[in-house]
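You will see two complexes here that share chain A, one where it goes with chain B and one where it goes with chain C.
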Partner chain A sequence: MFNPTIASITLRAALGRRRALLYAIPPLILIGVSAILRLTSPADPAWPARILGTFGFSVVLPLTALIIGTSVLGAEVDDGSVVHLLATPVPRRVIVATKFAVATAVTIVFAAVPELLAGLVAGQGRLALGLLAGALVAAVIYNALFVCLSTATSRALVAGLAYVVIWEGVLANLVGGARILSISHYGLAVATAVAPGQALKAGVGLTAAGVLGAVVTAGTLAAAVRRLGSFTLRGDTA
Partner chain B sequence: MTANDMSSIELRGVSQWYGNVVAVNDVTMTIGPGVTGLLGPNGAGKSTLLHLMAGFLAPSRGELTVGGAPAWRRPDVYSMLGLVTEGESAYPFLTGAEFVRAAARLHRLPDPAAATRRAIGLVDMVGPMNRRISTYSKGMRQRIRVAAALVHDPEVLLLDEPFNGMDPRQRLQMMDLLRRLGHSGRTIVFSSHILEEVAEVAGTIQVMVAGRLAASGDFRAIRRLMTSRPHVFVVRSGDDRRLASALIGRPAVRGVELTADGLQVQAADYGAFSLDIAGLARAEGIRLRELLPADESLESVFAYLVAS
Partner chain C sequence: MAADATGVIHDLGYQPYTGPRFGRAAVVRTLTGYSLRSAFGLGRGARAKIVPVGVFVLMCLPAVINAFLVARGGTRAFPYDTYSYLVRVVGMTIFLAAQAPELVSRDLRHRVLPLYFARPLRPADYPLAKLVALITAGLIVLDVPLLLLYVSTIVGVHGPGAVWHETVLLLPGLAYGLLWSVVLATIALALASFSGRRAIAAGAVAGFFFLTWVLSEVLGTVATGPGHAVTSSTAAHVAGLVSPFTLLDGVRLALGGTQPGQVPDPGAGWGSGYALLLVVLVAASVAALVTRYRKVGAA
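Here is the complex of A and B:
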């Protein structure tokens, strides 16, 4: 289910052209803000959960996953180079699984690990571990969704942004029921389970998050395999 | 199943449409080993036909098989099929050698390094193979893409406008390569809108016009269809009026019109008239200044083919 050749090309494309620097900016901000707050507000124990839970899980993590998840396959679909992968006998599920694995790994490096580091900078080890666990889970689900979107539409970035900003950013805050379909809240549910009593505002329980997260991941990946298997090249038309 | 069946492409009543636009209209053809050229103007449906053969489109109607089985949604067909699409898509950050080696690995070849060397040698890219693809010219990109499509030594190779962007020397090399592959028993299909390219390489020509198969056969048969058709020439000479009266009695001439820009000659036969007029002018002592086919555009040739 994993092809090292595809993984290597995907990784080089994902991190090439100084893109790694671009991905590094949000987590550096997260860690920097944590360091500043640690120095300026040592007496306030609530800010790490608020900053790392809210800003980390609703901005840094989903946006990093969005950019990476929609580009690992989407960029090749857009410029046609995906044909070089598809005109080979490699099963489509292997292509999707490999792209998904690379996107998830890169997201973990640039969004989940920084949550751990920021938590440690904030001086709260337990919270740091919770944030890491939650971010790992959210990175997996987000990337399954965004890889799937990139096989379904050439505007995957816009569609994904709409989900993150409108659904998760606005609706999930206003309407409690919307949190049931919020990947950010699945991550927070896991973080809360690992680090309870830390003022992380998870909108769903751990069981619901686990079941729904697994369903979303499996469903979107299966849909991506199906879409890629029916990939078409448009020709000239009279 | 014979070796020929293994590498043959069969289309039976194949149509492809996008909404209301018909790209390929009821095409039936069998393509066997050797080089086949898909000739037609832009928008004739050549690329669509190649994408159908390559399994990147499902026919809206009809049946299409490659090596006896449908190509659509069948990744294992690529073990015996190579595709070079139009355009320049490749991974610009890879070197040419890395790109071809990646293709060899994706095909799970037992010795990817040897297959890479062989394929790169075939397209004469050994010199620049360790440079990044982003530094390649259009022609070099095209050749490295052909090498990647050839790395697994496929029975069937499909190429969409393979000579685009190549300089004359590269073009001759590519033509030679396709000819060699065809002679070795492989099924090579390539598209082009340039008659001379197709005539140089292809044993069989399939002429596509507006989605339909307009003519099919070897180059001589197609050429005969084109050259023995009525044709309009514009002729300018030292004495247009006298030339007109001399021309009107010739069997290769159907009609002559004297215009302000010279003579408009309706030739009954393209080839015969082209040979006849020079001798006639010399015999009459008239100096020929200009002889231009007035409707030589490819579209007019195809329009004629469709009408016939």
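Here is the complex of A and C:
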């Protein structure tokens, strides 16, 4: 279920040409802000949960996953070189699984590990571990969704962006009901289970998050394999 | 003329065009108009229209809600200056992330810039024409809903005095919409012009706007403590410096905006600081754009 050749090519395409520097900006902001707040100790004692939970989980993590998850397969679809990949005797499910694994690994490096580091910078070890666990889970689900999206439409980034900004960014933080279907809150539920008693404000329970997260991951990956199975290459969108 | 020139290798005898040609102004005008059309996906397929038209409809929703409320005898539900802050932030983020790369990244990607510059066009003309087009597009998205709000309100008020009152309130709102459009479109176009890949450019624009906006909001909450209204403290003012949206909101309050906003009223001191930072941001973005197109042909 894993093809090392595809993985190395994907990894090189994802991180080459100074792109790694671009991905490094949001996590650096996250860690930098945590360091500044640690030094100035603001009025709100629950600030690590707020910065790392709200900002980290509903902005940094989804945006990183969005850009990486839609580009691992989407970039090849975009420039047409995906036909060479699809012409090889590699099963489509292996292609999807490999791309998904690489995207998840890169997202973990650029979004989940920084959550751990920022938590440690903030001086809360338990919270840092919880955030890492939650971010690992959220990275897996987000990337499954975005890889699927990039097989479905050539404008995956804009579609995913609308979802991240409107649903995860605004509705899930304003409307309680939207949290049940919010991937950020699945991650926060896991984080809360590891580090209870923090002001993380997870909108769903651990069981519900686990079940729904697993359903979303399996469902979107299966859809991506199906979609790639009957793939037609279109020209640049008119 | 070719007949009496010496040293001509090939003269097949074709008639060249010797009449008047359109100059630089016409090229810039056409480029601006064409870019404005492409900012809304006009003249292109239905799929290119989904995002701009969708955002425009989203931005008009508060005005439509207002029309219903006024028709039922209510008063105007949304102010002219902030309109609906949340809808504006979300709408402009998505609109610019989707459409700024549409204007500049496609030309870079398909390497057609040398064709543009084969015309009597100076290096700065191309980015500035694109910028004017994107600012106009942003202005349409921001101010047409305001005009709808105005029209749907004045049909429900009585007497010329009340209509005049609404008009006086509307005009600063329109100007404020122009300020939003200039600031956001300039930053977005400068960011987008650095990548020929539409996805990367859109990610950079959206990342910048969305990330700084939420960061500023969270910092504002952290600075004032949980459950409190936004209060004036140095930390809260500093939090407002992070995002273009909060800068714009702070400038609005400093200029005498009455609606409470995302940031506390910065007063004259911080307000001029916010305005100065906005000017610096816009100037830096324009400079980056113009410099970017000094050397063309690179993807």
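As a working rule, the second predicted complex is superposed on the first by the 228 of 238 C-alpha atoms of A that agree within 3 Å, B and C clash if a C-alpha of one lies under 4 Å from a C-alpha of the other, contacts with A are read in each partner's own complex, and residues count from 1 in each chain.
The criterion applied here is as follows: a residue touches a chain if its C-beta (ideal position, glycine included) is under 8 Å from a C-beta of that chain, and two chains touch if they have at least 3 such contacts.
Worth saying up front: this structure is predicted, and the values here are computed from it rather than measured.
Undergrad: Look at where chain B and chain C land on chain A after superposing the complexes, then choose clash or fit.
TA: When both complexes are placed onto chain A, chain B and chain C end up side by side without any clash.
Undergrad: Pick one for A:V59: touches chain B only (first), chain C only (second), both, or neither.
TA: second
Undergrad: For A:G197, select first, second, both or neither according to whether it touches chain B, chain C, the two together, or no partner.
TA: In the superposition, A:G197 contacts neither chain B nor chain C.
Undergrad: From the overlay on chain A, compute the angle at chain A's CA centre subtended by chain B and chain C, rounding to the nearest 10 degrees.
TA: 80
Undergrad: Determine, under the contact definition given at the top, whether A:G177 touches first (chain B), second (chain C), both, or neither.
TA: In the superposition, A:G177 touches no partner, neither chain B nor chain C.
Undergrad: When both complexes are superposed, which of chain B and chain C contacts more residues belonging to chain A?
TA: C
Undergrad: Report, in whole Å, the shortest distance between any C-alpha atom of chain B and any C-alpha atom of chain C after the two complexes are superposed.
TA: Minimum C-alpha separation, chain B to chain C: 12 Å.
Undergrad: Counting contacts the way the document defines them, which residues of chain A are shared by the two interfaces, the one with chain B and the one with chain C?
TA: 237-238
Undergrad: For a test of understanding, state which residues of chain A touch chain B in their complex under the given definition.
TA: Residue positions touching the partner: 3, 5-6, 8-9, 12-13, 16-17, 79-81, 83-92, 229-238.
Undergrad: Could you please specify the touching residues of chain C with respect to chain A in the complex?
TA: Contact set of chain C toward chain A: 44-45, 47-48, 51, 86, 90, 93-94, 97-98, 197-200, 202-204, 206-207, 210-211, 214-215, 218-219, 221-226, 233, 235.
Undergrad: Over in the complex, which chain A residues touch chain C? Could you list them?
TA: 19, 22, 25-26, 29, 33, 37, 40, 42-44, 46-47, 50-51, 54-55, 58-60, 63, 66-67, 70-71, 74-75, 78, 155-158, 161-162, 164-166, 169-170, 199, 237-238
Undergrad: What residues on chain B touch chain A, complex-wise?
TA: Residue list for chain B touching chain A: 18, 21-23, 42-51, 54, 56-58, 73, 75-76, 78-79, 81-83, 85, 87, 89-91, 93-94, 99, 102-103, 105-108, 148-149, 210-211.
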